[in-house]
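Each of the next two complexes has chain A plus one other chain: chain B in the first, chain C in the second.
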Partner chain A sequence: MSFSMQNFYDSFKSALLYAPVTIKLTAITFIVSLIFGAVIATIRNYRIPVLSQFFAFFVTVYLGLPTMVALLIYNLLFMTLYADVANAFHISVPISDVNPIIIGYFTLIIGTTCSISESIRGAFRGIEKVQYEAGYSIGMGRFKTLTRIIFPQMIPILLPGMQNSLIGLLKASNLVSAISVVEIMTGALLPSLLYYSYLEGYVAAALVYWIIGAAIEILAHFAEKRCGKYLKIATES
Partner chain B sequence: MIELTGVKKAFGKQEVLKDVSIKVNDGEVVVILGPSGSGKTTLLRSINFLEKADSGIMKFGDKEINFKKAGKKDILYMRRHTGFVFQNYGLFAHKTVLQNVMEGLVQVQKKSKAEAQKIAEDVLEKVGMLEKKDSYPSQLSGGQQQRVGIARAVALSPELILFDEPTSALDPELVGETLEVIKKVAQTGITMIVVTHEMSFAEDVADRVIFMDGGVVVEEGKPGEIFYKPKEERTRQFLSRIIPQDAYVI
Partner chain C sequence: MGNYFSSERFVNIFPKVISCLSVNLHIVFWSMFFGTVLAIFVAVLRIRKVPVISGFLGVYISFMRGTPLLVQMMIAFYGIPLVLGNLFLNVFGINLNRLDPVIFVEIAIILNEGAFLGEIFRGAITSVPAVQAEAGYSIGMTGAQTFYRIVLPQAFKVALPHYGVDFIGVFQNTSLVFLLGVVDVLGKAKTLGAATGHSIEGYLSAALIYVAFSLFLKAVFLLAEYKMNNGTAKVI
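Here is the complex of A and B:
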């Protein structure tokens, strides 16, 4: 099998051109999922009636669903139901003008929210009860205790898991190419389509993913160093 | 002045407080004694609602709270007018000594950072922890952490401070320094309720000792009366177990 450096270079350039699509998809999905995940984990941690049972059931069931299957189901539902729904709400945008990346966001956000909410639930368990009580005892309410005392202490516990989730999400984001969204993977293959030589495209895509992944790891490393100052002291002695 | 009347609390079927009534006057230091499981810690925690008593009345200053009907406002009121010192310190692990003491001043009492820092440094000086103001709790010994815990409670200038076995998690050689600090706080004239097993401390500092067992107040009185002339058999039995017979010849 031959490997043309020129084709590889073209593929790499083309992949880089679409890197912002992947980065944006990954970043927005991650941030939104983090917020939703924190809300769900908090609801379950405080055992808020009805909602906590609902989310416990939903998360458990949903975590078993492969991302690809979910993506294809939502895409199919979207394709078949869009016209009726658009009619009902008097939306005049034709389906061809709707960017399919919306389905990608929807799928990735639900899946990532579920897995992140589980990590956050785990981090809640890492905080001693007396930390809450100390917050209450100086006169802070539930919300302030949560945001000023509990969440900040959860960050260092969460960081390794979040780094994992973020890289997992980066890699899962290329599934959206299945619903004709052009991102790094499809971008890298554009030149390959001209030359009928795919290896260069795949390797170029891999390289771009790897670079972004490495950047995430470096950032996480610094974040860990910064946030975990008091933890590090605790383990050093 | 704080007065509790008919306080009851059960965890499931286990009755921990069976109709407890106590009264503590302004400026009084009261020590609560009793074997483990006697309900003394639960009683203390009920006062600032870390535990919610099932029934009873609490009078605090001119406020009267029915435990059965206590709402968010009542709970916050009690927490903002009382301080609490925990058995296992309960310092905020992610904050330095100074930040620990400043947190309530800035976030709850809405003082400016500069003002809060001044108050915090003053109080830390008093407990001998000013040099360590930039350390994290994990860098401190138990005794030092507990002194910061006391500073955090005192800094908010509460009307009443509750101490929940403040020295029982400490190594024996660190108990002394912590008790010294508590004694110093007592001398400022603040009202205190202390749950402790430290007899000599109780004798030194307490105006009154309350002995609890099995979820009720068995007897109360001046430390000398309770320790040397207890009226109740249960008190005598308990004391004989924790006061070594020749304790005061050292």
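Here is the complex of A and C:
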């Protein structure tokens, strides 16, 4: 067993070919989770009865569940219950034609929604009460105050946490390989399977992940610089 | 579909699954122990800005933060025997290819935690205002005394919540080790599922164990935080 550059190169090319799968999975999950997370955090922030207690319980418990365990359970449920559900809705697509990545989306969206809702709740605490009052005082409603005054101020507070969430999600998306979705890691292993030399495949996968992660970090850095702009002006004047 | 889930099987399988929790705890304990030691070195070297090492550590932290733990585990599993295999075979007489995969899992998590905890510690130490150190110097304390008596206790308090979150994260990450063939809680659940043909009870047992223990750890760290804050006087 030795490290062959040729195999590494093949694996790297193969991994790049499957990078869009991971990027799409990460991006869509992140955007959907951000929306759901904002809704849950808002519900909990305004202490809407029943719903806020339910989400408080659900988020606390769900954050204790590792993504891998959730993924395996949902995958199992999907495998065993798909036929019945499909029959009930008169869907004639056989299970073999359904891409298991939808289970990946489902699992990652629930998990990320829970963690993002916690960060957004933290950001809510960073906004002073006078900001709400400022909105109400000029006749804005609750919803308008939220979208025009509170959310924009939360963006700079949230950015560092969101960067971590996004990179964490990129890494968590790797777990869907366990339910036989072909993403960067399994893609990188495809050439390795011919030669029974796996190290090259894993190193190539690591390199591709690293590149995407670095790109996210650079983007977040610029976003942070831009969003913090108004804060500087406020303190300087 | 009526006998899909049976509480009898669940009661039967739960003790078998929870008996493997010791494997997870073993991994968590040793990984956190050596990971914390490594992280202290990483944090100190990063703060001191030692020329070459600091740049190397930057790359190391970026790699550990930017790549999935599963890939790191796999690289450790296949890479360490390749790089060090001959050395260990000739010098110590250990065949690394025959070693328990748990060792490689632990090495991967230790290296991973060295980076993550290192950043937490560095952030905590740099978060202590410079006036605190100056206060120490002003009453004639030496550099080491100031660091251990004034900066470190304050940094510890800043780092504790992050350390707790990280600790729980490591516990949850042990759910990946079954992919390397380690029989932990989830690995046992999967094995029993394959043997009996009923997987859901085993998975639900594993889920229950993970959730309960995570919440327990969270409570422990919250309690520790609460105790830590008892000493602070309210500034009026």
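Definition applied: the second predicted complex is superposed on the first by the 230 of 237 C-alpha atoms of A that agree within 3 Å, B and C clash if a C-alpha of one lies under 4 Å from a C-alpha of the other, contacts with A are read in each partner's own complex, and residues count from 1 in each chain.
FYI, a contact is a pair of C-beta atoms (placed from the backbone, for glycine too) under 8 Å apart; a residue touches a chain by one contact, two chains touch by 3 or more.
Note that the coordinates shown come from a computational prediction; the quantities given were computed from them, not determined experimentally.
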- Task: Examine A:152 and indicate which partner it touches, taking first as chain B and second as chain C; both and neither are also allowed.
- Result: first
- Task: Please determine whether it is chain B or chain C that touches the greater number of chain A residues.
- Result: C
- Message: Under the stated touch criterion, which partner chain does A:179 make contact with: chain B (first), chain C (second), both, or neither?
- Response: neither
- Query: So, A:63: does it touch chain B (first), chain C (second), both, or neither?
  - Reply: second
- Message: After the superposition on A, what does A:133 contact: first (chain B), second (chain C), both or neither?
- Response: first
- For A:41, is the partner it touches chain B (first), chain C (second), both, or none of the two (neither)? neither
- Message: In the overlaid three-chain picture, which partner chain does A:76 touch, first (chain B) or second (chain C), both, or neither?
- Response: second
- Please work out whether A:84 is in contact with chain B alone, chain C alone, both, or neither, and reply first, second, both or neither. second
- Once the complexes are superposed, what residues of chain A are shared between the chain B interface and the chain C interface? none
- Item | Residues on chain A engaged by chain B in the complex (per definition of touch) | 130-131, 133-141, 144, 148-149, 152-153, 229-231, 233-234, 237
- Which of the residues in chain C end up touching chain A in this complex? 1, 4, 62-63, 65-72, 74-75, 78-79, 81-82, 168, 172-173, 175-176, 179, 186, 190, 199-200, 203-204, 206-207, 210-215, 218
- Message: Going by the contact rule set out above, which residues of chain A touch chain C in the complex?
- Response: 1-3, 60-61, 63-70, 72-73, 76-77, 80-81, 84, 167, 170-172, 174-175, 177-178, 185, 198-199, 202-203, 205-206, 209-210, 212-214, 217
- Note on the structure: Seen from chain B, its contact residues with chain A in the complex are 48-50, 72, 76, 79-80, 83-84, 86, 88-94, 103-104, 107-109, 136-139, 152-153, 156
